[in-house]
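Each of the next two complexes has subunit A plus one other chain: subunit B in the first, subunit C in the second.
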Partner chain A sequence: MKSKFTWLLIACIIVLWHGHADVNVSYAAEQQQAQHVLLVYDSLAVGSAKEGNVDALKRLLSSMGAEVTTVQLEQYAEGRLADYSHVIVMRNEANPIYESDKLLQDMEQYKGNYMHIGSSPPDQLKEALSLELKEEPSEGITLVLDRFSGTIALNHGDKLIASTANEVNTYGNIYSYKGDNASPYGAKLGRYAYMPFYNRGDMSEWAASFVIKDWLGVQRQGNVYVMLREVYPFSDLDKLRALSDQLYEAGIPFIVSTKPLFSNFDYPAAIRYAETLKYMQSRNGSILVDAPAVASTISADKSVLKQNMMSYIHFLAEHDIAPLGATAEMYWFADQYYTAEGLSFYDSAIMLPNEKVMSYLPTDTITAYSSSVYSIDVERWQQYASREKVIQSMPLDIALTINMLDDPALLEQQLAWLAESWTVYSDYKASNHRVVTDNDEITAEQGQLKVNGQTVVLQEAYASISSEHVYIEEQEASLEQLFTIQNKIFIVLIVIVLVIFSVLILIGYRMYRKKYRR
Partner chain B sequence: MTIADIMMLFSVISIWSLLLVNVVLIIAGYLYYIKNDKRAIPDIEGEAPFVSIMVPAHNEGKVIVQTVRSLLALDYPHDRYEIIVINDNSSDNSSELLAQLQHQYAGRQLTIINTDAVTGGKGKSNALNIGFQQSKGELIAIYDADNTPEKTALRYLVAEMMHDSSLGAVIGKFRTRNRDVNLLTRFINIETLSFQWMAQAGRWNLFKLCTIPGTNFVLRRSIIDAIGGWDTKAIAEDTEISFQIYRLGYRIKFQPKSVTWEQEPQSLRVWFKQRTRWAKGNIYVIVKNIPLLFDRSAKRVRFDILYFLSIYFLLLTSLIMSDAILIMNALGYVETTIAGFSSFLWLLAIVLFIVGTFVSLVTEKGEMRFSNLWIIMLMYITYCQLWMIVAAYGLYNYIKDIVFKREVKWYKTERF
Partner chain C sequence: MKLKQQLMNLEQNRYVTPASVSAIGVLLITIFALFVPPYIGMADNGDYFRILYSNGLYFHDQNYDSQYLGHFVKQYGILQYFNENGATIFSSQSLFIKLALQVNMWLYSTEIFDIRFQAVIYMMLYVVGIYLLVEALTWKVEKVRAYIISFVTIFLFADTAYTAYFNSFFSESVVFIALIYLVAACLLLYRSRYNDYVMLAIFTVASLLLTTSKQQNAPVGVIIAVMGLLLILLKRSKLHRAVTTLSLVVILFAGIGSYVLISDEFKNINKYHAMNRGVLLQSSDPEAALESFGIDKQYAVLNGDIYYLPYTTVDVNSEILMDSFYNKYGYFSILFYYVKYPNQAIEMLNMAAKNGFAIRPAAMGNYEQAAGKAFGAQTSFFSLYSDLKQALAPKTFGFVVLWIVVVIGIFTPSFVAAIKTKDRKAMIRLPLMITLIFIGLSAMLVSIIGAGDADLAKHQFLFTACFDVITYVAVSSWIGRQLW
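So, the complex of A and B:
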């Protein structure tokens, strides 16, 4: 009997252990330990075709959950490598004119993971990968990786991988227009990885994510989300609701990146906006808060950002809308002020490419978020991905963005493309997200939304809001009675005087007409 | 209630009170015009009194010849009036032109007094004192150097004077000779007809009071003798002398049938200078005569002093104060809780202004036109607002003159 009981106890412990282990696995997959990456670059390549690739790489790394620190080669301080588990050296100059002895010395001692992008890979990497490079005479190439492909215009001095050791993992195939043998795009072996070039806005940007994923050791498969951008209180709200119906019927869950309001929450327009967002939420939409537009970094009152953001989150919460994270241009995440005052409430973020950098207190390190998603315009995505291919593996979470300010015809075409695509779109709220402010706590756990502990009931009913509203509270005015009486007296007096004047004009007209006619 | 509220209340009461006073004056003036039109001008019984017409002039070469010619052509017995032109320290060719005229009309009683910087050049009052010393008439008439009086102008004035011994002076009208030149002269034409003459007519009808307008008037020699001549410090010598006439127990009558045509400023700059000078002059006279408010012997003057005080101080400060409070309130510097009148009432007040001004025009030949309605509307938003600046600038200049003890000089209206 005793032994039976012991076995039962062991069995229970095993069952409990398994249950507990399953939960841990799912959380661990989402909350992997952030890798600390040092990105050393020689030049921002301003004015060249490579301009913006440093920012693009930072965005890619951050979206993979890495904490990224950037430093220019000339600014590199001796001994820094030791602090990082991963180091990327990015060479944008075809013929490097500057070499950092400090970096070279540190590299000899460095035992962490090393990735080199661009020209002049160090000897140790070349040796480890048995890397041979070759000149590519034609400027136009096609890069094919997994189910993706895209054309790339090579820059002057860009080389391709000619050969590597057999045991090296290679990524993608590059075909030149001349039809020579294919070259791999990326190569990785052990702690070393190499990519011959990396450009912003072409297939190399996307292909690099496959190499980086393996190099960072990211295990989990990425999801594909659909995100609607540029949603404002003054957007066409009827159109937004119709669009959310369209997506719902097509079975596409979506994210709505909403521009925040900072005041006049009681106005009918604001309530109509909230009602629309609530409706979209009920149609499988996940609401995110977009960063407000920065008009000026000099004169604006910076002290109000935190309060403003919290008030908007509270406004949403009050209307049973669960904002699950933030969307912002890349520079917001690389700015101490914006991260502390405008983004500190969120554990989930979607990083958008920089459009106009308006930094206030820029920093060289981007903190990792437990959930970060990489955004790509649907227009660009259509260039890489084929509609009629099933994507086998996604290196990271991506949000395919649709800009609501775009031409309606283009919007329609993009929606149709997404709907017909064989891609399976994920529901953002199905993963875990948490937003905490001084007043509110909003969570998404396994698809369940909670606002301040209360489960959000998704209701499709849209309440139409009356336009009647007292916009300005009438102040209690002094001497109101006196003025009201006087007002009446004066009106009567003036009307009487006007009548008298009319009579006078009439008399004068008759009298003087006769007189002056003479 | 805040301090701003109290100031606003004060402004509102002042503005509305003055508006009502103006309405009453227009109605009374209009009735007087109708009554006067029906009434025949009395005849001068017996021999016409001898009149000395004085014309002070300072660099008036462009207009003086026409003025003197029209004065010589008056339908008053030629042997019963003399013309004295005081060509005061002029640097233009006025003296030559006047000498030619004198030669041309050798048989007429035309006296030319040429002064220089030592003997003259100290302003209109001083010039009038110089002319007065050489005058012989029991009545003194004064015309500005840019006037073209109608033939009957002097006769009407003298007839009224001889008909009523209680009159110290009789004033006529001046009209705008160049009214059709531009918008500014049209504004001035309407302004003189409405705010000058209709108001004068109203004051005469209600209180038997008028203010000498500076030109086209006659007054008794005995009055000038009694007050010791014109105050050389006063630029608005007309207002000053009006007060003196009241104090001597006389009245001043307005006879709108006596008309002279005057050249008015055609540019904003000249208009601004002229009006600032008038404003400053009137302020001088008001301040000087404030004690009369408490003087029993000056009962008649009280209304005029109060009237001028209201316009130059009360209305001016009220308008500036209410405008300043409105602007500061809009900018968020001042908070007012005071209730206001309805927008409808303010709209009615503007309509009242437009109709009231138009009423004044009905009595004049060729002025009852729809185009004048539009000009009045335009006048409300432009000319009337400029008046506030003029009055404020006049006050500022007056204070500056007191502080720096500046002397009064000829500051004549520029001719074109």
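So, the complex of A and C:
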């Protein structure tokens, strides 16, 4: 009996351990895939057309699951390269204004993967790729890669690849307006890769993702999601429901990045917001929580962000809405305070480009998430992608974002474009996501949503919410009565004082008249 | 009796007049408070950056972030390169900061700005203002009574709740000093103590500084310009009338200009508060209140929201608020709303009165971090008056009304007498008091209409300052037997 019990116990431990190990393995596998990249740049190129490309590259790398550390060339500390499996040097200045001897020395010893972007590639890279560069006289070029193409305005000093060794993998073709022979955009061989320029907001930003994917060794194919942004509690809720119907009928699953609410959860307006999100969830929508607006980085109470975010997640959970991850501007992911207090609940995130940076405790490293998605405006995507071409390979997961504050005509046009496009859109909740707070646990596993262990039943019926609500408690009404009594007392006092003064003035006036009559 | 004798001896010495006693008293106490360790000043509540950067200064202290609200910081960096920060606010305060900066660069450092240079300038101006004010109230007054007035002056005006502002970048310093000069100039005109044209010049400059010191003081210019019409009739000379009219026109335009130059960001913050911390806060049906302005009822979720919260649902300058919220209402429509719903207006006025008697807001500390005092600690050195006022003043709007009635009542007989005797100068005092009452009330109303209950204690500094100055003039006039 004892031996049976022992075997049973061992069997249970194995089963439980196995189950537990599965979870760990899946997360560990994700972690193992995360490459640690050091991005060294010479200049932020503020005021030039390249401004913002360092941030754009960081966002791209993070969305591919890499952990990115950024350092300016001047601040590079000797021996740092050895800590990273991948190193990118980005040169924005056509004529280097600063050379780091420390970096050059470390580069000679470095055996990891090296990518160079921009001017002055090092000799070892040039030799490895047999790289030759050429001046490009025309300012306007067209870059074609896979099924994508876009025009690019070259900056002063930008060069193009003239030739590489035959065995080098090249990416894309650049055509100048003069009709010269095409040049490749990117080149990669073994541990080396090169791109002659990288700009934020044009085709080079997207084309770079193909080169980087191979250089990082990412195997999986990316998905394309559609995401609605700028959804507020005071957005046009009827329009949101109509839009979700429209997307549902077009067979497009979508993500809703919702603006969080931190108070007045019991108000009819808040409940209407929740009901609308629930309806959108039932129409194949996946709900994500957007980062709040940072009004001020001055706060004596450090726990306020965590409490705020947990209260909103709880509000959603209470209404059977399953938030599956976070959306936030990139600076949130590069800030110790925001990641610890505002993003630690999520294992899935979508990084948005920075619009207004309000850092609190900025750090030079962006931590990798098990699920990261790169966001691109539909308007920009329309410039690269063709509606009538099937995309054969996606280097990373992307979310095509629709700004709900845009002009209604533009929204209609974008929705029509997406519906008519040959692209296959993925359902965000079909992959695994997990949100854990002190009060709630929300999961998505293979399309099944669970809130605190209960499967979410998707209901299409929208419950209309009445405006009736007690905003001011009865207790305050009794106080109001007190105030009224107090005011009445004051009015009586004022009248008495006025009478006394009138009498005094009258007496004074009579005394004055008597004095002068004498 | 001994004290009386000593005071009479003092008066016999022509160098130590009651005005000089007050000025020296205020000077010594202020020097002791602001320039002897532990230095007293005001912690930054987050507002400094606007005025700081537009004047070529920056936060130099690496631990500055941890000192917000809690500790006073006395040193700032001076920008060494081109200052790309345009003026985000237009304030007469910048004149004093720039002057202090020049003196600092000349005497101390071209890289570090010590705020105490600014405090010295404010203090010297303040002491001269106090001298003029006391001179107006004690001239030809019985000696003993005059010295009592001078001690009352020290008790009230050397209070560190007022003088601590000198070691800060808050414009309250300019507001208070300008107010003192404004009242002193009018009272000196009333007493015919000095040259009328000099007094008129002081009155004009003080009014301009007061009006342009803060955007919320824009109505002050209009009030002074309208109430000052009496000054035109002070003399029959054409020159006097022309100069006075011109001065009043300039003050009026300064008021209008201050309003026009309010930046959009400021307008947005104030409008945000006016609705969410004002109209909606006291409404029993916020959705209906919003719909009465033509705003989507869903905005009810913003009820009670405050811009100064670090994390909010929506950026106060966002497109959605611009298009669907701010565009739907203005200060006049809010005023109209309060007229339509007087109960809500009374609630707000009571709320304003509740916060209208604090000279220094409780949120800001007075000591440097190095002084080793607790975060947010406030000084108790020479602050008996402000502490008593905060503790004892009945904080209801009814009390404010009663106080107004009493003030008007006690100054009316002398005004009536002046009309009877056709003594034009003697008529100035009551309109001056009424002007100050209007200025105080405007601060209260502007706070409520313009920003709801947000930051009420600080927004109502002008009310509390007017309350003190009016009460002080009334009490001093009574002590000096100048009331009737």
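Keep in mind that, in the parts below, the second predicted complex is superposed on the first by the 439 of 518 C-alpha atoms of A that agree within 3 Å, B and C clash if a C-alpha of one lies under 4 Å from a C-alpha of the other, contacts with A are read in each partner's own complex, and residues count from 1 in each chain.
Assume contacts are C-beta pairs under 8 Å (C-beta built on N, C-alpha and C of every residue); 3 or more make two chains touch, one makes a residue touch a chain.
Everything numeric in this text was worked out from a predicted model, so none of it was measured.
Asks: Tell me the contact category for A:Asn452 with respect to subunit B and subunit C: first, second, both or neither.
Replies: Once the two structures are laid over each other on A, A:Asn452 reaches no partner at all.
Asks: More residues of subunit A are touched by which partner: subunit B or subunit C?
Replies: Answer, by number of touched residues of subunit A: C.
Asks: Of the two partner chains, subunit B (first) and subunit C (second), which one does A:Gln75 touch, if any: first, second, both, or neither?
Replies: So A:Gln75 meets neither subunit B nor subunit C here.
Asks: Does subunit B (first) or subunit C (second) touch A:Ile505, or do both, or does neither?
Replies: both
Asks: Once the shared chain is lined up, is A:Asn264 touching subunit B (first), subunit C (second), both, or neither of them?
Replies: Touch status of A:Asn264: second partner only.
Asks: Which partner does A:Ala293 reach: the first (subunit B), the second (subunit C), both, or neither?
Replies: So A:Ala293 only meets subunit C here.
Asks: What is the contact status of A:Thr151 with respect to subunit B (first) and subunit C (second): first, second, both, or neither?
Replies: After superposing on A, A:Thr151 lies clear of both subunit B and subunit C.
Asks: Considering only the touch criterion stated at the top, classify A:Phe490 as touching first (subunit B), second (subunit C), both, or neither.
Replies: Once the two structures are laid over each other on A, A:Phe490 reaches both partners.
Asks: Can you list the residues of subunit A that meet both subunit B and subunit C?
Replies: 480, 483, 486-487, 490-491, 493-494, 497-498, 501, 504-505, 508-509, 512
Asks: Quick check: in the complex, which residue numbers of subunit B touch subunit A?
Replies: The touching residues are 1, 5, 9, 16, 20, 23, 27, 30, 34, 37, 337-342, 344-345, 348-349, 351-352, 355-356, 358-359, 362-363, 365-366, 368.
Asks: Note which residues of subunit A are touching subunit B in the complex, please.
Replies: The contact residues of subunit A facing subunit B are 475-480, 482-484, 486-487, 490-491, 493-495, 497-498, 500-502, 504-505, 507-509, 511-512, 515-516.
Asks: So in the complex, the part of subunit C that touches subunit A is made up of which residues?
Replies: 46, 65, 68-70, 282-288, 296-305, 307-316, 318-320, 323-325, 343, 346-347, 350, 375, 396, 398-399, 401-402, 405-406, 409, 412-413, 416-417, 420, 484
Asks: Name, in rising order, each residue of subunit A that touches subunit C in their complex.
Replies: Against subunit C, subunit A makes touches at 230, 232-237, 259-264, 267-270, 272-273, 292-300, 304-305, 308, 356, 405, 467, 471-472, 480, 483, 486-487, 489-491, 493-494, 497-498, 501, 504-505, 508-509, 512.
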